[in-house]
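Below are two complexes that have subunit A in common, paired first with subunit B and then with subunit C.
Right after this comes the complex of A and B.
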């Protein structure tokens, strides 16, 4: 309780200082809302080619290359649809993944295994499990609902807002809290640090590169490091296009079995 | 020593690993997209060696499987259609012969925005069961299933035309196989089985086989699925007109086993529930020649019911459970029945992933409280790299009686190892 009070006093005094120095400083809610939008909701839809290299502590690597389609269907940065088609390595070529992300209830997830022609439904129980073996979690790819954490502005630097996030349900996650550095100009979350009990930093996510694409500032290279295992994953995005007009019907069992060539194909420059 | 097959092929594997061990991470920007590449040949080389863990009184061979296989895959996306080829060449170290297997020769096209058509040899699957099939009448390879092969070989290809139609109201799949595609059933060559004629476990020679239906259009198979997802709940209805996929009937006049007529209708539902996935499926199998049990040489009609539930217990540990029951119709017509009127099976699957999914531990157990038999499939997969994968595992089979599904397989129990190189 005392901690909470200190926290509140600290953050409100910081907010007060911030207000004095910069009359138009946004509130914490506005910052996290904007950052969430920039990270996961730009445009009505989008497509990208993505590849991940995961490296373990001994330096051995695996890679996954896939095309990802996204469409927003909810009101105000809510529900979303994702379709992922794997190309590499060759043993996963044609494997497809469909996610209907819901805010406030479990996501719906399906996996298609082409060698068996099998559409498998997968339980969405834990969103903080590895995405296809990488150091990314499902939640890092599709976003974490803002309502799951209490957000506090702990610091405002010359370039960044530093937000601390404490989970409302600590038993649902593996971390105690996480801090996000949000760029004041672009509202891009550029660094995230996850802490366990005892303020032990154990996991970081960094945006290594970004570009402006179709008018939206977009991360094109990210790195997740697991400081406990010594492993890390680098993710690169290419051939990104926003507002392609991908219809909702693309996010269906049909696309799992028959990839939607028109929307998967690389945009012509 | 049949393992020499592995050494014969090893130089080729090593050579190809030099050719294909390019760093996939380089030159992405310049590269063409995989699906539009002009000559995308891929594939793998894999050995499967499965050793019988018990003496088999009717089969001298200690190996259940002993082979090395090369797969070549080719896909070409053209303007109006897609061509897909998958073929295997393998050396069977038990029968001492080279074999080929055409896994896929498929042309796919979209003649209308709401219709997909697939013509040719293709692997087909539907239904909600995990290794339990109620409404999926597409051919299966039971020899591969019990012999430690990669699970993709459980599914044998069909020669079929599949027409899929998508509408707002409902989606419809129709699969027509002009010629009957039987399961690859147990023939006694590598796995022994129970013969009701001999009332004993038998093996080849003679190789067990059934007489397939005459090749004519009216003996084709038709499978139908109507399905729709509403608010995350998947509903489906199924129909099938064809034959039992294994030779379950006996022709008294000509003294041959054959594939009797079978019609089926069924339904399934699958949805998220209790932090996991729940599914239910039913099917009514109408054994057309049974005549309500009057014909003792064909199987009785059945009603099949499946209930399943899966959830991720903790991160990377997933468990699932299934309850499955077969109700034999006209049970009273059986004289001295060996089987129960209600055959029940419980299954559970446990899967644990570790170290960036490099290690995958899994166990699948069938246990029948009515037949008092079991089948445990335990497997450890090690992904050494994106090219190399290794599997070791065991098929532990047995039961109280020698005539039940898994009980008759007791002397086929085996341990297996596979090494796979992807290119």
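Right after this comes the complex of A and C.
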């Protein structure tokens, strides 16, 4: 309960700060930092059930259903731990991911395939690979380090800050730059547009729905569209809970083989 | 009627000339709206079954037509410079308008799957994004050698060539895109060679060249005909007339075709070339006769009336029969051939009208002086080219040596029929170019290095409608016992893309409903729905099962030994590769997983790569169908047909699993289908035309015997020409198929002229010997002249860089030569032998001829 109060205070003060900003606009760094926090670092930890629907250009759909656990371990929006357990489709039921997100170096990723009884460390050259076949990238799920791009405030509308981001290492990514629309009140990044060579818009991420959960403004439905393929993925987050107190030990190789039921199971209302 | 027309033309010649000119220009002005269509796919109607299946396969598996770009380096492409070039070229090609960037395949756009220390699997771009070192290059070589999906597809196994597969939005952009790729390669450094090929490029480039040829070959043929006529008639002003008739016919026909909204296809681009000789032929008859009949001092108008009176009937007969021959193409199942046939038929009709209206009017406006000059010249300078010599030989062969001539013809017929049996049906759009054309060169080199640049797709599909019925029944039962399930059933959408989506819907909807439900029995029932749907979803993923994949694997192995398929890639290959890497990379694990769950989880790991969507080129998202991508080294239809046969044989001995069906797609396959339709269509059309022409002959000659006689030269010529094709081993391809109707149309012309004149003269002389002598005078000269003009007139087609044009040139010449010789030897020889039988009722014949000519 105390935590809840602290957060209420924190979020009201955030709102207060936001209101104040009408008089004095925050700096670009402040904006992206807050947005990054709102998008990926609210609470000390959290859990959510995610339903992903992939839709291809001809309208065919596929489903993935998984539960995701998160815990912040670094200081000040730094390193994080993620645990993902697949439930559906049934043929991948029990497949689990463990991700140790590091700021400033490659993440550590493990994958457990129950039918092969195999734990594999996955090493990817970059984080812009598909998340289990969806239009989401790993980076969209776990967040992109702020230090990787140069941020510029290109526009301030009545409701949004529009930030343009140019990668410091263009060879590490497939885009040339991306623009983010950050809500002035909530600091939620509500829309992201990725551009390729020749200013070709090829990918968008939209926050379709959000709710205040446990005192945090939380996106509950997101859509990633790939304008090149004509496909998109909708991700619905349900049964979200923050500050569950999930211990760090849950994010271990052991949990890959033996799911931590206590933390995975749906919170009782 | 015909007298009225001719009289009008002679009395108001200027009006006729003006009307013709204005009409021609008016219709011809439509030509600027030309829209070229070189897509052989359009040889099939849009709703043709195989074409629809092909397009559905392309859509379902997100496949595109491919341009193949090859980078060849004799010292191997695994060096920093070549790999940098490959990467730069891949990146730059992606920027080209009309290219589908995310589907471009080359070493620069794919992931490497590899082991990185124990227990670690790595997905990373095959090529570093910058600064490729010697060591990188060696590493890449090593990596590729471990990935069977890439070897011989992206890099040749000799390491000397790398390929970029450029998917394009539409085939009609291929030539333009290939030009842009060429421009990009020109800027690259180093000693790499670049080659661009692929069916779409060949087809589209052919269209561009064809367009050029329409502007070069057809006028050149016209010029050659013009010059030859000059040799015969020595009067430019006179021979300009047939040229004008030909030009007007071609312009109006093409103008009408384009103006009525038809695209100019490979077939219709040949209309001018086909119409030109036909349009000129009748005029030559008129001119020839006019030059013979018109003597200095006589009235021009009288001579014209006389000539037209003499020739109207045979010209009408020939025009009707030729038109019928071409119009019969409308019965083929191939739209461009139908259009071709109908418009050529129209052109023939137009040429006939112009010949009897325009030519008399034209002669009538010529100054009497120039006509006098012509008549004098003709009388004095009978021939720059003496045709009497050959005609005397023909005369002898058909008179004194009639029986040996007929025997020789019979022997030749036998040989022809043997030749026809040897005809090989085959075509290949790449071979429409000559061997030294850059596309042919690229095709040869790239197919030496790679598994093949020609694509075909074999799709295996599982029908799970039976399973769905059982599922529906079970649901209905649950719904009848539980209100929550019944409620669920009310909300179900009417249609799903597939069964898997339906089960997904039930899983989610029941899950949501169960969350809101309070009644225990509802929760239990909804959980039953979830369990049922999940069970059905898993079992409906047929091609995740090892049995199904094993069938695919075995089929692929059988095809590999067949020798025509260079390589095939399938979902099984992909699964085996990822499975091996998951199991530590040992070759022993290059095999199918043990069960469907293992397959699904293997696939899930692959989906964490940069290009997870490549999966869906091989398997559908519901795992209900798989596409086997076959690479063929040859685009010859006979090779593709061989592959189809191999698959059919395999399936015969190894029946498809229950409820699994098989479908084909890919451009190489589609080419076989339209060729097949074309060959069959042409045979039916030829037979149909034969019967119709025969009927027309019988009606026009009012004699079954004469009708039958008229069919002899064309039957012999067709048999001879196709026998020849069989003997010399020339493939029976598109132009050869179409030539059959030309043969029919042109061969019958000579026969009609010959028979009509022979009958008329015979009715006057009553003595065959005398008639025969007279026949080898003016009528013989006209026929021979015609044959020579057209045969030689079309030789410029041999200079065209496009093989189908060469084929048409050679065969037009051969057809004219053969049917002329047959008409002038075989036909009179038969008449000589059978004269008593044929001319026994000459009086009656004379009457009908008179009736006809006065009709």
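Going forward, the second predicted complex is superposed on the first by the 245 of 269 C-alpha atoms of A that agree within 3 Å, B and C clash if a C-alpha of one lies under 4 Å from a C-alpha of the other, contacts with A are read in each partner's own complex, and residues count from 1 in each chain.
The rule is simple: a residue touches a chain if its C-beta (ideal position, glycine included) is under 8 Å from a C-beta of that chain, and two chains touch if they have at least 3 such contacts.
Keep in mind it's a predicted model, so treat the numbers as computed, not measured.
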item: Partner chain in contact with A:228 - subunit B first, subunit C second, else both or neither; value: second
item: Partner chain in contact with A:189 - subunit B first, subunit C second, else both or neither; value: neither
item: Which of subunit B and subunit C A:198 touches, first, second, both or neither; value: second
item: Partner chain in contact with A:172 - subunit B first, subunit C second, else both or neither; value: second
item: Which superposed partner A:59 touches (first subunit B, second subunit C, both, neither); value: second
item: Which superposed partner A:46 touches (first subunit B, second subunit C, both, neither); value: neither
item: Subunit B versus subunit C as contact partner of A:117, first or second or both or neither; value: first
item: Residues of subunit A that lie at the interface with subunit B and also at the interface with subunit C; value: 51, 54, 56, 60-63, 88-91, 115-116, 118-119, 121-126, 128-130, 132-133, 229, 231
item: Contact set on subunit A toward subunit C in their complex; value: 51, 54, 56-63, 86, 88-92, 95, 111, 113-116, 118-126, 128-133, 138, 171-172, 197-198, 226, 228-229, 231
item: Subunit C - residues contacting subunit A, complex; value: 59-60, 62, 95, 100-102, 111, 116, 119-125, 129-130, 497-498, 501, 504, 507-508, 534-535, 537-538, 541, 544, 582-583, 593, 595-598, 600-602, 604-605, 607-610, 612-613, 615-616, 620-622
item: Subunit A - residues contacting subunit B, complex; value: 49, 51, 53-54, 56, 60-63, 65, 67, 87-91, 93, 100, 106, 108, 115-119, 121-126, 128-130, 132-135, 174, 229, 231, 236, 238, 249, 252-254, 257-259, 261, 264-266
item: Subunit B to subunit A touching residues, read off their complex; value: 24-25, 28-29, 33-36, 42-44, 73, 77, 82, 108, 110, 116, 122-126, 151-152, 154-155, 164, 166, 171, 227, 229, 232, 234, 270, 272, 275-277, 279, 310-312, 314-316, 318, 353, 355-358, 383, 385-387, 389, 420, 422-423
